[in-house]
């Protein structure tokens, strides 16, 4: 299967846009066009994918490199029902992130290049079927994240950018050690970097329990750091709080999903005995995500940090779904990844707008913004409802399947905690809506009559098409999946059913 | 013993030396411009390179066994010539104020390079010592070349004293090894001829161990291994940029090939390995920790790179330890080439060369434009000169080992070989050091990209410099992403140790035990 | 009393250590440099002794190389020290501490 | 396409249209909303007559082992409920046209109503628990939006949050229940036939001892996954968990606190959502899954107790409230308690019967109260009214009819349904019966108090002196509801609401003496006597008084439940949150992470101190280091 794959376009579009931007093309427009192309393409792929039979489609495989001491590396692209939704997620969030960014941002060409690079990295990681590229592509995003937070970030950006970069680098290195260990622990003639080959081989010839129980925790910690598994979550809230909205959208919405995807694709199917052995640890840790992060979220006094912790908390659902390792739970995980990506991107984007327009992100100082900014209020409410798992928005479909799956796996107390998580989420999200949008309007957010008001900023709503289209797009996507989850399920479920060791 | 058939292998060194002498004479009698001198010098380097490339890599000994020729020798020859080319170009193009009319700054590196090349194929402690001193003495001059600068002179003197000290240790060590084995020859192609490798298979006298450790002290100085590292930060800071790069890459590589030839070529059997593996492990761990941690508070860029260079030595030492055949591991056998520690070292050096020269070219350019080379002087560089900022950032990121830069591949290899050999403790330190390294490499990037420039004036970069930088940047990314490019370069960089003359066809994969069997049967 | 190899080695070791001590404790660069030469000579003595007692000529050849190289080193070294003196009017090591930390 | 889908699509389309654009054009929004409600009602009529059949369901979620349809059940239960919802809904829509006429944001208001109609019909029609939960949350959402309609008011925003969070807490249990249901049954469908089969399964055990089951529940909690899916404890657990949903939605004790606060919303909302329909959804849900509930005696007992307690508890509080809407809200709580008690006592038909009549008269009471409030320019304190009976006669008379119906005076609707419940309760246990009777007395008492204080006596404020009668668009719905409140309970032979539901229950349930018992024949004279006594006593106390002759702070302060929640539970939770957050930022991130970072940097500072710049130090380090290295490798291992 050496023919070219449409997936290649997904990588080429941002690449071409970056080159164009370096060649002095108008930055935001070019980036937006590339992102839009990707979005259209990924939607097209959703329809073209041979959903019914599952498995990989749009495969392209060409030998890439033979490194000494390593099995051959292939440039192997392909998507199945698990990665395709994530490709869509990447495309839509990238588009939103590009469009949301202010066009007159300083040093625009650099900014959009970094954003595109993040998008490229995430996209590449999801469509790669070779461990080497799977890993490398994800790392593409590390330095752009550092720079985006550092250059265009908000308060405390220096500390946050260093912390997020170093922490994630640590995670990546541990992950690298784990992946290497995985490949190297195989008998020499069976070693491969190819994910499909590895899956086939390891599902029939599992590694010895001893090596599995050493390698799995490496992968778990590596991926766990990247996704913010308790107690490795400390990088996320300050990082997201300081990041420019677009970067936070990309990272919280998309890049974090890489780790969950990695656990589904690599760690658990390939090291299933190790997983069985360590899953109780994972269960304890995910309780930490729910309860600990949930309580920390309740105590936050600023919107962005609250969202940061809440996104940590919601990773608990994904982990719970993973632990079930049955079709229902895993399908739920995939749906929920997309759903959480959309809602997190929305929330971070809107939080950026609120902070930008009101000049404030502390709950004590905000209030009554629904009057001057009704559209913002509506969209934020939608996003919060999605995050709370209100039916009709995408998250509910995923969460409910995770709950069902975990019952099916007899993880009843954990399911109970997870369901209780929706209560905690409701408490803090509703409180956020209330304090930001409801109540009397502080005088300084009254719409300004005269333009000469100086520094006193009248609160403005999302006015132009460009301002609200990205948010509306994300909301509509969430609503469509929420109302019609079967659209996505048809794609996801057959591929999930092909995973090995399903219970 | 002297077989003229093998003389051509020495031709590149000879060519360089003779050419350098001719150039010195020409400088005395003709009034050549420095540019012409540099062009001539580069021409010499180019011809030496072409010569070297013409040789195949079949391992053999020549010159009566004083020199060896193998994949490693060829690789390091080319490597040093590449370094020399860059140094010469830098000396002419971006280091104008340093050379200040005198041509020795351009010509001396030729001698150094010849010495390094000789070092990479030495098979005898005597030759090794002479080659090493050729390198060291020419470096004394180069480091202190700006003799009106206090800093440069101070650096030169420090390098001089400590270098001489390490030479003394080295000679003393060699004396003991010689005394207890009766020879200075590493290995021999002829069973009848005495060589060090033919001794000590069952017992390993303390005296030889002592000698070996003294030799390691001398080599440790060259590669800036802790605790013999003290010179590095000071000399890096004081020397001209091109020379710092030369020291950092060339001299370090010279020390490493020396180390490989000694510990892997001669002393790589279980009783001796029990001596040097712990010693190098301690050195590696200390280098990783000290180099990377002490770099964190540094404010001077050259000094920072000096400390980081110590850290890099730590990484490479891990690979050398993993290269020991006495450690058993689970290497992958299906790929056409084995990944051995030696290959990892070579790969590391290639990526290190790219990154280091990129960094020092940028620093050399900036030296003339900025009030100093402290980190804070870089403020806003990305706006004053996007090219310089990008080049410097890429080189730092590569040194930090962030994918997909070429430095990642190097670290990847190191991790891989260490993993294969089960060196988990060293691996742990490696990962810790990598994170700490990222910390201080991010610092200058931060300053270049975030901080507001103190001076808005754009920095113009000359055309040649620009082109060289762009090429280096492309290589930095390309070699990382198309990782095979490095492996093509380095897959042969393996010493052909102890190959019996009878089967001179040989391969580097010849099992160790077999050689020992031959030696035992004598 | 027979003078054995060990005696030579001992003398050489003592010389070496004296030289080393000189490098460490003396403050004048010239003296330090002389101490370094003493260390090299200690090595040479070792080489010659081994050569003599083991009946290998290689060691003595090596000594010539060492002497030659040391001479070259001294030439460069002294030139450096002179240059330093001309610039700073000192050859004391404690004055050479611009580069530190 | 099946016509029945219009029940869902019409309000959905209206709400989307209003969300997208029409909220800026109130009159179009009203048109869309009222139009969609009319379509709903007409379709519901068609459905009820059997002209429209249930549509083909489509798969919403379908993975191996879990199938969730979107489909409809059209059985007597849902048809009856559908008529109530759409009928009362339409009336409230019409009433709102007048009531909200002066609010600039009324477009948004009608949008919320349409979302509500969409969700509520969804609940009624849902053929499985997940679909029911979907719409269940949907009504919660619309309730949240409408309670917080005047979001500038801090109290309204707070009340909206409270409502949502209380419902969420309950839904926590409900969701657990749904999933347990699926685990036991292998399906989430609530199709009566499927439930009937499960019910008939011989393997389904039945229990009578609560204590015995509590021990089993402990086993379950301590040993997760350690029991088989069909074990008895699990069934009880499932029943209790499912009942949790009802506790939230129907505002049973202890989650009743949100309903009185929900009165912050516009009055039509209170009438429709927080009195007539949405809060009754919990009861409807219990009736829908009644065959499953009946499997657990302990569960049923718990349901009956909760309902019974809430009934008398809320009635007691209502006695001392002064806000007209709050009195009605507590009355709603109390009546919901009745219904839940009826379900628990084995009379789902009684519950549904009361639900229907209650929808009529409580909607009536709220709308009439709205009319009063409208007339008095947003005055809600009954002690600031007075003497209204002849100034706004239409409102007064309809209100009075509602009050009489609620009190259970024969032959008004409330009398029949309440009597039926008491009968069921008597059959189940005499205690429940007597509590019910006392509640009936209290109901009569506080309703009479309300009417006496608000409508009789001298006007106590200026506003009360010059009220104005509401426009016809508001009074016509009142009249229609008043008529229904009078005749709603009547039954002639086999024709009437009571026998309608009775027939339904006989179809669904088996007569095995446990889940359904034929009601005992008791006289309705006793409760009626209590009711009359209550009315008379209250009239005696309250007609022509200027202040409340009773003064019972514990009732006026609602048994201090709100204070307990706000000052203990919420504060406790916040303290926990702050402690954990402190730990996170100071210990985990601060001490451990930054500690590691600072330690590294500090160590780096320390290490660079070796680099003194002195050549002699370097030589010393060189020698010493070399010596130590040699010593370690040669001698120390």
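Every chain is named by a letter (A, B, C and D) in the order it is written, and numbering of its residues begins at 1.
Quick note on the criterion: a contact is a pair of C-beta atoms (placed from the backbone, for glycine too) under 8 Å apart; a residue touches a chain by one contact, two chains touch by 3 or more.
Given the structure is predicted, the values throughout are model-derived calculations rather than measurements.
*Asks:* Consider the two chain pairs A-B and B-D; indicate the one with the greater count of contacting C-beta pairs.
*Replies:* Of B-D and A-B, more C-beta pairs in contact link A-B.
*Asks:* Whose Cα centre is nearest the centre of all Cα atoms in view?
*Replies:* A
*Asks:* As a quick test, compute the distance in whole Å between the mean CA positions of chain B and chain D.
*Replies:* 77
*Asks:* Find the geometric centre of each of chain A and chain B from their Cα atoms only, then give the gap between the two centres in Å, rounded to an integer.
*Replies:* The computed centroid separation for chain A versus chain B comes out at 43 Å.
*Asks:* So how far apart, in whole Å, are chain A and chain C when each is placed at the average of its C-alpha atoms?
*Replies:* About 65 Å separates the centre of chain A from that of chain C.
*Asks:* Centroid of chain B to centroid of chain C, CA atoms only: how many Å?
*Replies:* 26
*Asks:* Which chain C residues reach two or more other chains?
*Replies:* 23, 32, 96, 98-100
*Asks:* Specify, in ascending order, the residues of chain A that touch 2 or more different other chains.
*Replies:* 166
*Asks:* Would you mind listing the residues of chain D that make contact with two or more other chains?
*Replies:* Residue numbers touching two or more other chains: 597, 608, 611, 613, 615, 619.
*Asks:* If you go through all the chains, which pairs of them touch?
*Replies:* A-B, A-D, B-C, B-D, C-D
*Asks:* Tell me, which parts of chain D touch chain B in their complex?
*Replies:* So the residues of chain D touching chain B come out as 597, 600-601, 603-605, 607-608, 610-611, 613, 615, 617-619, 621-622, 624-626, 628-630, 632-634, 637.
*Asks:* Over in the complex, which chain D residues touch chain C? Could you list them?
*Replies:* Those in contact with chain C are residues 608-609, 611-616, 619-620, 623.
*Asks:* Which residues of chain A touch chain D in their complex?
*Replies:* Chain A reaches chain D through residues 163, 166-167, 231, 234, 238, 292, 295-300, 326-328, 331, 368, 370-371, 378, 385, 388, 390-392, 396-397, 400-401, 403-404, 407-408, 410-413, 415-416, 419-420, 422-423, 426-427, 430-431, 434, 437-441, 484-486, 489, 493, 496-497.
*Asks:* Name, in rising order, each residue of chain C that touches chain B in their complex.
*Replies:* Touch residues, chain C against chain B: 9, 16, 19, 23, 29, 32-33, 36, 39-40, 42-44, 46-47, 49-51, 54, 56, 58-59, 61-62, 65-66, 69, 72-73, 76-77, 80-81, 83-84, 87-88, 96, 98-100.
*Asks:* Considering the complex alone, what residue numbers of chain B touch chain A?
*Replies:* The touching residues are 330-340, 343, 382-383, 397, 402-404, 408-409, 412-413, 415-417, 419-420, 427, 431, 434-435, 438-439, 442, 445-446, 449-450, 481-484, 487, 490-491.
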